[in-house]
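Order of writing sets the labels: A, B and C. Residues in every chain begin at 1.
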Amino acid sequence: MKHVTRIADLGPEALERILARAKEWKAGPPPRHLRGKILGMIFFNPSLRTRASFEAVMARGGGRAIIIEAGAGAWKLEDRVGVVMNADCPEHLKEAVPVMSRYVDVLAVRSFSRSISDEDDNADAVLRAFQKYATVPVISMESAREHPCQGLADLMTIEESFTEPKGLPVTLTWAPHIKPLPKAVPNSFLLTAAARGCEVRVAHPPGFELHHEIRAEAEALAKNAGGKICYFREQDSALIGTRAIYAKAWGPATARELPADSVTRHNDWMITARQMNLAAPEAIFLHCLPVRRNVEVADEVLDGKWSRVIDQAENRFHVQRALLDWLLN
Amino acid sequence: MKHVTRIADLGPEALERILARAKEWKAGPPPRHLRGKILGMIFFNPSLRTRASFEAVMARGGGRAIIIEAGAGAWKLEDRVGVVMNADCPEHLKEAVPVMSRYVDVLAVRSFSRSISDEDDNADAVLRAFQKYATVPVISMESAREHPCQGLADLMTIEESFTEPKGLPVTLTWAPHIKPLPKAVPNSFLLTAAARGCEVRVAHPPGFELHHEIRAEAEALAKNAGGKICYFREQDSALIGTRAIYAKAWGPATARELPADSVTRHNDWMITARQMNLAAPEAIFLHCLPVRRNVEVADEVLDGKWSRVIDQAENRFHVQRALLDWLLN
Amino acid sequence: MKHVTRIADLGPEALERILARAKEWKAGPPPRHLRGKILGMIFFNPSLRTRASFEAVMARGGGRAIIIEAGAGAWKLEDRVGVVMNADCPEHLKEAVPVMSRYVDVLAVRSFSRSISDEDDNADAVLRAFQKYATVPVISMESAREHPCQGLADLMTIEESFTEPKGLPVTLTWAPHIKPLPKAVPNSFLLTAAARGCEVRVAHPPGFELHHEIRAEAEALAKNAGGKICYFREQDSALIGTRAIYAKAWGPATARELPADSVTRHNDWMITARQMNLAAPEAIFLHCLPVRRNVEVADEVLDGKWSRVIDQAENRFHVQRALLDWLLN
């Protein structure tokens, strides 16, 4: 059974096929290609784009989405094996996931990070439990470790502007924020850009390293695709001549408590016109959204000629449509 | 691009056409006239009738509704321009609205009042931001200033009982409540009844005046439609011989803190059989619902021969169906 | 108008017909038999299985479900007659239910127990109000008194393993829990198994008696169907040679405060392999879910050869499909 929980779940052929179909169908999709299909969506965290774009994919394709909000409209779910369930979770994933599998054709889950540690994020226990207990394909709508649908939309957006991703210099830069965010989005951008053969430049302040397994996996993907990855501890060098600047806030590598002065200390990492002008003249600006204006990115960039953030969000719809078609048909 | 955020967005022809179609299709609607269409509904406040009636319209018409609850299933949305977003809103309407526009065919928004001041309500910042940033038509499902779908349903209900609205005496009367409510519903009833040429009588205790811009707009609409508007500071004179009594609670004009004795001081404004008997024998009773029984209106009225409140709520469905058809087809 | 709020709402013929159709359609259902139909679902309490299974039934059948969460996406609803509504419920069921009836073809409601007393549960005021005020059929998705869709799924699961329910020994056993739960599920299992003519054995510690009206109703149903009901105050005797063990936690009969030592005092009532081995070799294990593992039931039972809990949850879908077809077609 096919699952899409990591970029590694898609080999280079599937990746190529899904991105090609997404671009093709953006112009004119086949009608009702998901007719009669039901997507079960389980959210452990709030969502706007993900929820609306997946619902729209199912509606446009003639299928239906069913939404369960764990902890809100439904209850909290236990994932630990062998535990005596006498605390606040009244149901185990061992029951909830097989049961949901009986009602739907695909299960999509937003499990998110529990904000315990990088090791906990990398282990991705909740999503792994879904994959283990499900009897239908599982799609990640962002877990602690990765956000593959976002990675696909990111690369689709880049390839719409520059056609050929191989060897294309693109920069993932850390951005300031008011709190430490999980690393699923930067991880997925890094992995997907690597798998498409980009020259990926990753810039962040010391102490904000991505997990060593992610970096090793990206290295292997880049090698296989003929691309490369470089890391920078200051921002400007990573921006000079680049074709795409992807700004994203994430938390420190070793602890989830952000030092009190993290934001003020690094607030010159906020992307402004100055940084955009270091990049190539045709460079584009990307962000997964939601974005905190004038904290992560200045208004002048989001409202300026460089920004592709709305197209990037629209592309979530197109890659997810192609992904569901690939999983189900 | 057409929007429906105020009664003024509909000229007299569109108003006539939508009401006529709503009445015609109540008997037998065309099948699947919204086939393949997606309505995106964004709620900043809870809803029962609005949500269920719009979902039913889309379902009956062969389309689909997608629901986003800002602050619940999704996050809080910022509307101020140029702000440094370091507080509790992680996303700006500048991103959320264009993104949603990419997934759906129409955006409906319940922005409600922020309960700051009448000036703030009249400025209607959140709804205006939707209208500014959207790339698809925007429908108001009640904003701080108006509730046009309610106004349409109100007049449809009156016209079902009396056919000709021109010159028909109808009364909007303030009602007691346990807290100060926004004025969108009385505003929309006044504006719509004025636009249909009714003889509109508005009664409220001193200090509960509607906003001067609304009154001026209603005056102009009445003049244009050959109707008139009269204001009363006591209730009985406004009721004598009237054909429809519309009861609605709303807050004082100048401050949102209700004087401690507001309810008890004016509790004789609650509509009972005594008031209904001042009206014409064939008079009907209207309320937008939800209604606090025995606070705003006595059981004997809601459960009596006069009440059309359930039909009025049903008519939300019919006018919204006609409205969406007018916007989309 | 047909309603399904209690097992007694279905005579033996309807019960037989719905179960037969559910089994038949599990293999291959008719396409789009609910085309154009809208199910309105109102939840006063969270739900996972019920919500997802009903949404899936409507989607698979070509219809649509509309979901209202009272107190969450919508507001709290008053059910008392004649009350002055000056407290926390802004809307009365007298309005909400007729209004919803105008938008949908069937109303499903989860009203649940208010955890006041067994008498209050048995009176089932909220569900009775729905039945009184609705102008379309009402389905209970679990009220304070009964959970008829669960009872139907329970018996379908038993009949899939043993074909003939008449005279079949089946055991409903109380199970430990961290808090006192309502009795709707044990009530419905007892009533449905009685109506199908099983030899029903009910085991619970002293003080956890089911309501006398439920027991009398079950007695009459058993007599009519040629079955019988026996009560046990210790567990083992009720298990020997039985074909199905249904474990369910519920609260004490006379008070909702569980004595401090209730769980520890009766924790030998937790179902383990030891208990399963007292039953017939082909015996199956049932639970309505959600289940607290290693509190109500040991992992070895839920993960062992006996368990049919996932099939039982799947069967919710099948019986509800047959039920809606019976109500609407």
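Throughout what follows, a contact is a pair of C-beta atoms (placed from the backbone, for glycine too) under 8 Å apart; a residue touches a chain by one contact, two chains touch by 3 or more.
In this text, all values refer to a predicted model and were calculated from it rather than measured experimentally.
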Interface numbering overlap (same over half, different under half) for chain A and chain B: different
Cα superposition of chain B on its sequence copy chain C - rotation in ° rounded to nearest 5: 120
Gap in Å, rounded to a whole number, between the CA centres of chain B and chain A: 40
Residues of chain C engaged with two or more neighbouring chains: 72
Contact footprint of chain C on chain B as seen in their complex: 43, 46-49, 51-53, 55-56, 59-60, 67, 69, 72, 178, 289-295, 299, 302-303, 309-310, 313-314, 317
Of chain B, residues touching chain A in the complex: 36, 38, 40, 63-64, 66, 68, 72-75, 78, 82-86, 90-92, 94-96, 98-100, 102-104
